[in-house]
Amino acid sequence: MKPNLLSDKKVIITAAITGGIQGKWANPCIPISPEEQAQDALECYNAGAAICHLHVRREDGQNTPDLKVYNKAVSLIKEKSPIITQIGNGVGAWVEWGTKVSSKGKKYGTSIRMATLEERLNLLNIEPVPEMYTINAGTFEFRTRYGSHLFDNPMDFNRKFVNRCYKRGCGIEIEVYDSGHIINILDLVDVSSLKTPLHFSLVLGINGGAPATLNNLTHLVDQLPEGSTWQVVTVGRFNLRLTTIAMCMGGNIRTGLEDTLHYRKGELVKNNAQLVARMVRLAKELGREPATVDETKEMLGLKS
Amino acid sequence: MKPNLLSDKKVIITAAITGGIQGKWANPCIPISPEEQAQDALECYNAGAAICHLHVRREDGQNTPDLKVYNKAVSLIKEKSPIITQIGNGVGAWVEWGTKVSSKGKKYGTSIRMATLEERLNLLNIEPVPEMYTINAGTFEFRTRYGSHLFDNPMDFNRKFVNRCYKRGCGIEIEVYDSGHIINILDLVDVSSLKTPLHFSLVLGINGGAPATLNNLTHLVDQLPEGSTWQVVTVGRFNLRLTTIAMCMGGNIRTGLEDTLHYRKGELVKNNAQLVARMVRLAKELGREPATVDETKEMLGLKS
Amino acid sequence: MKPNLLSDKKVIITAAITGGIQGKWANPCIPISPEEQAQDALECYNAGAAICHLHVRREDGQNTPDLKVYNKAVSLIKEKSPIITQIGNGVGAWVEWGTKVSSKGKKYGTSIRMATLEERLNLLNIEPVPEMYTINAGTFEFRTRYGSHLFDNPMDFNRKFVNRCYKRGCGIEIEVYDSGHIINILDLVDVSSLKTPLHFSLVLGINGGAPATLNNLTHLVDQLPEGSTWQVVTVGRFNLRLTTIAMCMGGNIRTGLEDTLHYRKGELVKNNAQLVARMVRLAKELGREPATVDETKEMLGLKS
Amino acid sequence: MKPNLLSDKKVIITAAITGGIQGKWANPCIPISPEEQAQDALECYNAGAAICHLHVRREDGQNTPDLKVYNKAVSLIKEKSPIITQIGNGVGAWVEWGTKVSSKGKKYGTSIRMATLEERLNLLNIEPVPEMYTINAGTFEFRTRYGSHLFDNPMDFNRKFVNRCYKRGCGIEIEVYDSGHIINILDLVDVSSLKTPLHFSLVLGINGGAPATLNNLTHLVDQLPEGSTWQVVTVGRFNLRLTTIAMCMGGNIRTGLEDTLHYRKGELVKNNAQLVARMVRLAKELGREPATVDETKEMLGLKS
């Protein structure tokens, strides 16, 4: 697809409120409990977000594939606002803090773990039914400052996930981390029930995926099938500028504490709504009004 | 140069308040008289602009190379504010309205004219001395809705202009309209006193130059010599989004009624300061503070 | 257009046998007289070329718009072989050698001159009628080691030229030197009888136009309208490799002493057919057979 | 890195004679036994190749990590010619033909298997010592017409492999399948003994990696660290043209039955030397002489 610098489509804002790995040790304002998450989702909704992208946490703050926690979080979110819930099917990683002690008295041996394919398939049993799931378009080694783990996303798993997801009546967003992933998805269209137009998140800056550069963004957009919708997901320092560029190119917006812990250099984010509010201000200045939940459902072909 | 998505340099904002061709018939808020221009320059300065890019007009509103008008405008601007004055050495085009009448009673035969090389060299005699001039990096046919004209910018003329400009103690900004123009400038560095780092305006969307696409922007930036400063100049509908993208890439900002007559679709700009204020808001949201006049002089190597 | 790395279309080979400026002083094997040109055209035809791109020369070897010379050259070429004749409507430049003498006894003051628009329009009266003309898609300053000259190609001139050219029943190839020129041509389609699909030469490496880089080649190809045919024209050292890349991308081939004086580093070309033969060998190795004259006429929509 | 269209460096030609998966069922001329491989390596050496990239096979023709077979193959190759041996540390995949029978009597259930990380580390015990190994810069699902398999290349494994490889005195070539892999390698430089300049194979067209397009080639080359050497590895129909483009850009050459089973459309390759000979002819036409074994060792920093 060519970028559309003149797009006046409503812009869909997704708030990724909790994230796949970082906990309160990195920013104490990350919502961890379902109650905190529901509150943040409401505030993001009020600020202009239409979608809440969700990972859930154990009581100790680490990520978990536990269905009970997902059920509670989705349920509480839905009680408070009509925001669309979107479950990241990668679950995320949990940190196993190192307990070995070096001769200098420093702890080491920290590593990460990720959910199994079975645990991830099980997310399709979340109740109440969320409106959307994300799938991950390719396998790679996910490397973080806490350690590395295989992020396994085989075609066969994605095929099963897509088919069951549609049977549940849920929509799908596709997370793409590099050029090869787009081809994976075109192949997936052939062997699964995955329907076009496709909805992409172009994830940049994860170690193991394409780095967060403008060249990588334009290179990926250029390879998307005509008619797709897309947004960029960039972690850390590149988040704000690449997201703004994407919006200028006709893409949608994702923001939230999953993607950026700092509001600006040296200043931690206070809450998810603060990030949404900034993107709403930017979107309006740039001539793109935020899409409502209903408009988003229509644009993404979700059940209303 | 690679784009710098993390630049935290102060951003230089240039207000191109009057423009090279459009008159009050297109937007009645374009400042025409030196008095109007000085007022707009002051308001832009107050809103955050550090440079006022200037074309002047005859009493009938058409562009003119008349030194007396330039002198008066520069003089009045300097009386009101310390904003840097930057003279566009292309002068611009004036419209000669068609007087022929078609069988259907419609007037036709409208054409444009542009200043001679001599008239343009004469701009180096403006008093009081402006801080900066722009040069145009290549020759092409400048096509407008009112007609077309050779926009002649031979190497030999630019060589003379640069040498005299530096002798006057003035700075130079280089307007580039296509890939070949960058090579022209590298050659000009060899045969003139033009000093690096160079300061570029990448002008997109003029008929005859490169069209206003993101690909053209990144393609031109990629070809700039390392260490240059740059901004994008995009006319019309592409202005706001490409300017914002450029700022995210580490570029500076130019805005003003020269570049865009509409604030947004269907809504005419009210005054130049309105455009500057929007870019200041965007810049601040994106983590780049507007450079003051003094900071700008230091960044561009201008005399203070 | 996207490059087509799998194209198995026949490849059209154009021999640009004489060129727009260089004379026997640069390579004594450049054919100058109509007789030499007809002989070279025949040899190129025998080697696999389908088109002979032509500039003609005065008796002193300099370029000329003189119709008598054109008539004789086209006539002799057609007598010897069925190769398609293609007249470059830019005519080219002639060198006026400097006669001033420096204090060190060195001659200086060399400059170049180019044909007027009237002289160029007059090429439409060449008899016998050539099959094709080239037009130049934009105005710029053409800079050479012998001096610089305005290369004037206004829209209005191109409009007239195209309309008359088609009335004569001749085909048109469009020479593009930078991004803006492609837009010029899309505008020309609107105001003239210029028919799609369009046939482009992407000229790289002329000072004043886009430099000879792979990025510029892919950038220009990307901007061509779908369905166009194209070739790259690169002067000097970049000729062989960019031409080969273009052929791999699905483009056609142009070669000849107009574009390259050296067969390889330090070795002058012996004759035009030597260059054609190399491109034929390369084309065949790469799976693209040279198009015959008849196949070329069909591919370019020329009268047979 | 920018492409270098003027490179006159000697070009290193690697013959990938056997490949990671295809067997005699796909082309009966693929050398399978160590004796056949040694003969092909000799012929490729005589034709101009300096490196033999090697996978070995069981007696039934399937890939194997069996050290005894590697030892025999390397030993026989070295007896016959001084060609550099390069062991692909991915080993490749072996096909387990489906034995289930459908109701229509068709066999199905074919799948592939790949070597374990332990089996791959064990390649560092091959005797006699090969001059080079390749490592794979990232993990992804390797998809073939016979089935898919995780191609696991974690950072930790690569770190170990590189360190041991250098201790053995062997050189390293890095296979990159997508943008993210280049970042993986820059990280690997930090945590291992991997030395710059780095030697890259940019592998395009494997399902799971970046597709075989010119855009992907130039995008990857653009991201390589300055001073690297590189070649493109493209499977199937894209092989010849992308390899030729890469050579024009200053890259090295890899060819062989691993990468392409067909010499041209509809015509199977007769033997590896046929492919090497074509690339030698192309390289010479394009002004790049094949590097000898000694020149290659110097260019890649291998022990001589």
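We call the chains A, B, C and D, going by the order they appear; numbering starts again at 1 in every chain.
The definition used in the following text is that a contact is a pair of C-beta atoms (placed from the backbone, for glycine too) under 8 Å apart; a residue touches a chain by one contact, two chains touch by 3 or more.
Note that the structure is a prediction, hence the values are computed from the model and not measured.
Asks: Farthest from chain C by Cα centre, which chain is it? Let me know.
Replies: A
Asks: Where the centres are mean C-alpha positions, what is the separation of chain A from chain D, in Å?
Replies: 36
Asks: Taking each chain's centre as the mean of its CA atoms, how far is chain A from chain B in angstrom?
Replies: About 42 Å, centre to centre.
Asks: What is the distance in Å between the mean C-alpha positions of chain A and chain C?
Replies: From the centre of chain A to the centre of chain C is 53 Å.
Asks: I need the residues of chain D touching at least two other chains; which ones are they?
Replies: Within chain D, residues 215 contact more than one other chain.
Asks: What are all the chain pairs that meet the touch criterion?
Replies: Going through each pair of chains, those in contact are A-B, A-D, B-C, C-D.
Asks: Which positions of chain D touch chain C when the two form their complex?
Replies: Going through chain D, the ones touching chain C are 2-3, 5-6, 8, 212-215, 218, 237-238, 240-242, 244-245, 248-249, 264-265, 278, 281-282, 285-287.
Asks: What part of chain A is in contact with chain D in the complex they form?
Replies: 138-141, 143, 148, 150, 152-156, 177-180, 183-184, 187, 206-211, 215-216, 219, 222-223
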